[in-house]
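Okay, so chain A shows up in both of these, paired with chain B first and chain C after.
Presenting the complex of A and B:
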C-alpha cells in the first residue's frame, strides 16, 4: 500500500512539474518578456536594466530553476492590467465558480447515475431509449448552444428567470442547469455501459442461479463493480470544478474563474493565465490522485497490480 | 493478444440503419456546401444590405431575397452560414489529420525504440491527460496571439494522445506476431515495416478514432470562436456566428439558431457514423 501511494504521489508531482515546465517554455517562446513588458520602443539601456533586474540575462537553466523556485514559494507574478497579485485575483473568483460547479456536480450525479442504472436494468425499454437519446444530445449540443436556448425560452419568451449576472440565487439556476444537464448525460451513458458490462459477467449469472434475489444481485454484485469506471468520470468532473465552466460563465456573464481566464487571454495577461493554468493542473492532478486511491479501496485487485495496461 | 484484422469476417451484408443514412446524406451535403461555397452562396458573406437589416427568415415573415434572414448590418445569414461551414469543416479536417499523424508517429516511435523514448511519450500522454484541452488551448492562444494556422495546429494537438496510445499498443502487439518479425528478418527498414505492414493492419481502429475526434474538434473550435478567441473576423465560423448572434438573441434569434442547428446536426451525424463504423470495423468488439 505504501509503495502504491509513493508511486502515485511521484507521478502526480512529475505531472505538475511538467505543467510548470510547459508554462515556462511557452512563456519564453512567445517572445522576449523584457520587450513585451517595456514596449517595442523602449530604449535599449532600459531593456538591459530590466533584464538584469529580473535575471533574464542569466543562462536559461538558471532562469528555469528560479522560475520553479518562485512558483514553489507561491509567487505567480502580477496581473499586467491592474498590478495586483495574480494569485489573489484568481482566488477572489473561485467562490463564484464553485457556486455554479458544485450544484452542477450534484445535479450530474443525482440525475446521471440513477438514469444510467435504470436504463441498464431495463435495456431496450422506452426509458432506456430516452436516456440514450438525451445522452447523445448531451454530447453533441455544445454548452453555449444549450445555454442560449435556455435563455431564449426561460428568460426571453417566458420571462421566468434572469438571463445573466450574479445578483441572486435565481441567476444561478440557468447556468447550473446548463452545466448539469450536459454532465448528467455523459455520466448516464457511462454508468449504463458500465452496468451492462457487469451484468453480462458470469458471476452475476452464478449469483442469480444460486437463488440470490435480483435486487440483492444488483446492489451487492453489480453496483460495486460498475462503480469503478463511474468513479473515474466523477473524478474527472471533480477536477474540472475550477475550470469546467469557462464557456457557460461567458454565456451568463458570471464573474468566475472561467470568465477571468477568457478576459485574461483576450488581453494577453500572461501572469493571470499562467496562474489559472497551474491551479487547474493542480486540481486535476489532485482529483486523479484521489480517484487512484479510491480505486484501491473499491477494487482490492488493483492495490498492488501495475496500473498501466497495454491499450 | 488477438490478431488485428482489417477485413471484418464475412457476414450477411446489411445496409446502414436509416439514421446513419441520414447522417451520411447530411455530411455529403455539408461537404458539397464547403466545396461549392463560392458557387452556391447567394451573396458575398461580407456584403451589406442596409435596407434589409435584421429581416426575418422565410416562415417568420421574410422573403426569398434573404432566405434565412439578415443580421444587424443586413448581411445574408445563409451566405454567412455557407462560408462558416467551409471554415469550420476545413479547420476540423486539418486538425483531425494533424492529430492522427502526430499521435500515430509518436506511438510508433515509442513502440519501436522502447526504453527512454517510450517513457517520454508516456509522460507526455499523462501530461495532456492532466489538463482539460480547452484550458491548454486558451493558454497557448494567450501566449502566442491568434492566427488561423496556429488554431489548426493547436486543435490538431487535441486527442493526439489517444492515437499515440492506440498506435503504441497495436504496434507492440504486431511486433509480437509473426508478420512484423518476418518482414524484419527479410531486411525491411523500420519505415517499410511500420508504413507498409503495421499501419494497414491498425488503420481501421485509427479511422474510428478519427471519426470520434472530428466532432469534438468541431465543438472545440466553435467553443473557442464563440468566446471570441478562435476564428477572427472578417473570417467567420459556425461558433463565431453563434457568439455574434447572441447579441441579438431577443430581436433576431435566427442569426444564432441557424449556425447552432448546423453544429448540432453535423456533430451528431459524425458521431452516428463513427459509432456505426466502430461496431463494424473494430476487431476488439467481435
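Presenting the complex of A and C:
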C-alpha cells in the first residue's frame, strides 16, 4: 500500500509541476503584461521600469526558477493589477464557486447514477429511451444555452427565480441546475453503459441461476463492479470544482474563480492565472489520487495487482 | 450635577438612534440597478486613468466638474461647481466657486481643492520616470505612496496641453491660467479629467490605488462599495448641493453578456441594461413594461491606420481603404438606419466651426482599385486587430469592412485581441484597428487635436504623425481668430481624412439603453448617465 501511495504521490507531484511549467511558458509567450496593465498611454520608460520591477526583463529560465522557488516556499506571487497576494484574491472567490459546484456535484450524482441504473435495468423500455434522450440532450446542449434557456423560463417568463448575481441562495439555483443537469446527463450515460456491461457478465447469470434475488444480484454483484467507470467520472467532476464553472459564472454574473480567471487571463495578471491553474491542477490530481485509492477499495483485483506483479 | 445611570444611558442611546432609524424607515426612494457590460477598464474610478466609454457612465454620479457640458440638454456649457465664470484674457478664466458645496467626507469644497484637483499631486505634472516606478503601489519592494501612475500625466497633458497653474483669488474664486491663448478653456475645464476631488481625502488615502478606487467628490452619490469586475455601489449623498438625490442607491452590476443583461432587465432584477445592440430592441420592447431609449451621441466610430506598416506608408493605400467602405450599408444593416453617417470627425454642435459641406470619403470601389494600382499594392496582408464587441456591433462591422476592402483588392486579415493594450501593442505589426472619437466639448480641439494631434494617443504611440497637422493642431489650440481657426480646422480635416489619412469615420455612435418604461429618465447625448433629480421623474 505504501509503495502504491508513494508512486501515485510522485506522479501527482510531477503532473502539478508540468502544469505549472506549461502555464508559466504559455502565459509569457501570449502577451506582455506590462503593456496591458499600464495601458497604451504609458511612456516606454515607465513600461520598462514596470518590467524591471516585476522581473519580467530577466531571461525566461531565471524567471522560471525564481517562480518555482517561490512556490516551494509557499509564495504564489502578487497580482500585478491589484497589488494583493494572488492566493488571497483567489481564496476570496473560492467560496462563491464552491457554492455552485458542490451542490451541482451532489445533483449530478443524485440524478445521474439512479437514472443510469434504472435505464440499464429497464433496457429498451420507454423509460430507458426517455432517460437516454434527456441524457443526450443534457450532454450536448452547451451550458450557456441551457443557462439562458432556464433564465428565460424561470426568471423572465415565470419570475420565480433571479437571473443573475449573488445576493441570496435563490440566485444560486439556476446556475447550480445548469451545471448539475449537464453533469447528471454524463453520469447517467456512463452508469447505464457500465451497468449494461456488468449485467451481461457470466457471474450475474450465475448468481441469478443460483436463485439469488434480483435486487441482491444488482446490489451485491452488479453495482460494485459497475462503480469503477462511474467513480472515474465523478473524480473528474471533483477535479473541476474550483474552475469548472467559467461559462456558467459569466452567464449568471456570478463572481467566482471562473470569472476571475477570465479577467486575469485577459489582463495577463500572471500570478493570479498561475495560482488558479495550480489550484485546479492540485484539485484534479488530488481527485484522481482519491479515485485511484477507491479503485483499490472497490476492486480487490486492482489492490492486489502490484503484489502479484512483484511476485 | 449630571448623574448618569444605566437607564438614562439606555434612553439616551435610544433617543439618538430613533431619528436615524425613522429617517431610514421613511426613505422610500428606490434602489436602482444598472446592468453594464463593464464598470471600468482599469478597475479605478479616477478619470485621469479611466478614460473609457464605460467609465463615462458612472463618473458624474460621484464627482463633478467646475463647468458642466449639458449632455441631456442643449449641449451648452453650464455652471456646475463654479456658479459663474468670466474671461480675464485669452489665456485666463476666472471662476467663482459655488458656496456650501460639500464633499462626501463632509468637508466644504474650497479653492484649495480646485488647486489640488488640477495640481501635480493628482495630475502628476512633475512626474519623473523614477517616480513612475511606484506603479499603483503594486511593485514589490516599493513604498505604496500616492504617486500617480505615469499614464495619468499623459492624459492630463493631452487634456490641458498648455496648463500653467490655478491661481487662488480667494477661498471661493480661482483663475485657470494657460501658458498660451486658448478660446476653448471653458470646454477643457468641463472635461471629466477636471473633476474636483477632496484634497483632504487624498492626503488621508493609504495609496494611489486606494484613492483611485474610492475618490471623494461632490456628486449626488458617494462610492459605497467598489468590487472591481463585479459591482459599483453608489449611495445617495443627501447633503448634495443640487438637492436630495431621487434614488437611494445606484448599483452598477457588471454583466458581460448582452443576453444576460436583457434577462436581468426583463426579470425585474435590473432597472436599466446598457449597451443594447439595435437587433435586441424588439426583444426588449415585446415586454410592455420595458423600452429602449437613446440615439446618436457625440462620438463617431472610426477605423484608424498605422502609417508605419509597410503597406500603409503610401497614403494612396489608406485612401483606398476609405473609399471601399459602404458606410450606409453598415448603418442600414446593423443599426436599422439609426446611426447617421457623419461629415467627417466633426459634430454639428461645433456651431460656427462645423463644416457643413465636408463629407466622409465616398464609397467608390473603382476609385479604391485605381489608388491601389497606382500605389503598386500587390495584395500583401494587412493586419486588423479587433476586439470582440467592445463597441456595439464591432465584429459584424469588421466583417462588412473586410469584405468591402476585399472587393477593392485589399488583403486585410483580422487578428482577434483581448483588450486595448494588445490592440495598441508595439509588438508585431499594427495595421488598422477600431476606435471611437468623442467630442467632449463644442470645438474640434476636443476631438481632432485631442485624439490625433501631438498630445493625442495616435501620435504618442507613434501610429500616425504629420508635421503640418501637428503645427495646425497647435494653431487650432492656441488661435483666437475664429475665421482662421475655422480654416485651420478645414485643412486638418483635409490632411487627416484625405491626403494622409490617420483614420476614417464609419458612423456616428448610437448608445441604446434598455430600461423600465415607468422610470422617467432621459439618456444624454454621451455615454454619461444622469441620476440627479432634474433627470428623474420629470
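Operating definition for what follows: the second predicted complex is superposed on the first by the 265 of 311 C-alpha atoms of A that agree within 3 Å, B and C clash if a C-alpha of one lies under 4 Å from a C-alpha of the other, contacts with A are read in each partner's own complex, and residues count from 1 in each chain.
To be clear about the criterion, contacts are C-beta pairs under 8 Å (C-beta built on N, C-alpha and C of every residue); 3 or more make two chains touch, one makes a residue touch a chain.
These numbers were taken from a predicted model, which means no experiment stands behind them.
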Discussion item. Going by the contact rule set out at the top, does A:266 touch chain B (first), chain C (second), both, or neither?
Written reply: both
Practice prompt. Look at A:9 in the shared chain and tell me whether it touches chain B only, chain C only, both, or neither; answer first, second, both or neither.
Written response: neither
Worksheet entry | Partner chain in contact with A:151 - chain B first, chain C second, else both or neither | both
Item to complete: Name the contact category of A:288: first (chain B only), second (chain C only), both, or neither.
Response: first
Discussion item. Tell me the contact category for A:216 with respect to chain B and chain C: first, second, both or neither.
Written reply: neither
Discussion item. A:136 in the overlay: touching chain B, chain C, both, or neither? Say first, second, both or neither.
Written reply: first
Discussion item. Once chain A of both complexes is superposed, is A:250 in touch with chain B (first), chain C (second), both, or neither?
Written reply: both
Discussion item. Taking the stated contact definition, name every residue in chain A that is touched by chain B in one complex and by chain C in the other, in rising order.
Written reply: 148, 151-152, 156, 250-251, 265-266
Worksheet item: Where on chain A does chain C make contact in their complex?
Response: 31-32, 35-43, 45-46, 49-50, 53-54, 78-83, 148, 151-152, 155-156, 159, 162-165, 250-253, 255, 259-260, 263, 265-267
Discussion item. Quick check on the complex: what are the chain B residues that touch chain A?
Written reply: 122-123, 126-127, 130-132, 134-136, 138-145, 165-166, 168-170, 172-173, 215, 219, 222-223, 226-229, 239, 242-243, 246, 249-250, 253, 256, 260, 263-264, 267-268, 271
Worksheet entry | Touching residues (chain side chain C, partner chain A) in the complex | 42-43, 49, 129, 132-133, 135-142, 144, 149-151, 154-155, 207, 209, 227-230, 253-257, 259-260, 263-264, 266-269, 418-422, 424-427, 457, 460-461
Practice prompt. In the complex, go through chain A and note every residue touching chain B.
Written response: 11, 14-15, 18-19, 22-23, 26-27, 29-30, 136-137, 139-145, 148-149, 151-152, 156, 239-240, 243-244, 246-247, 250-251, 261-262, 264-266, 268-270, 273-274, 276-277, 280-281, 284-285, 288, 308, 310-311
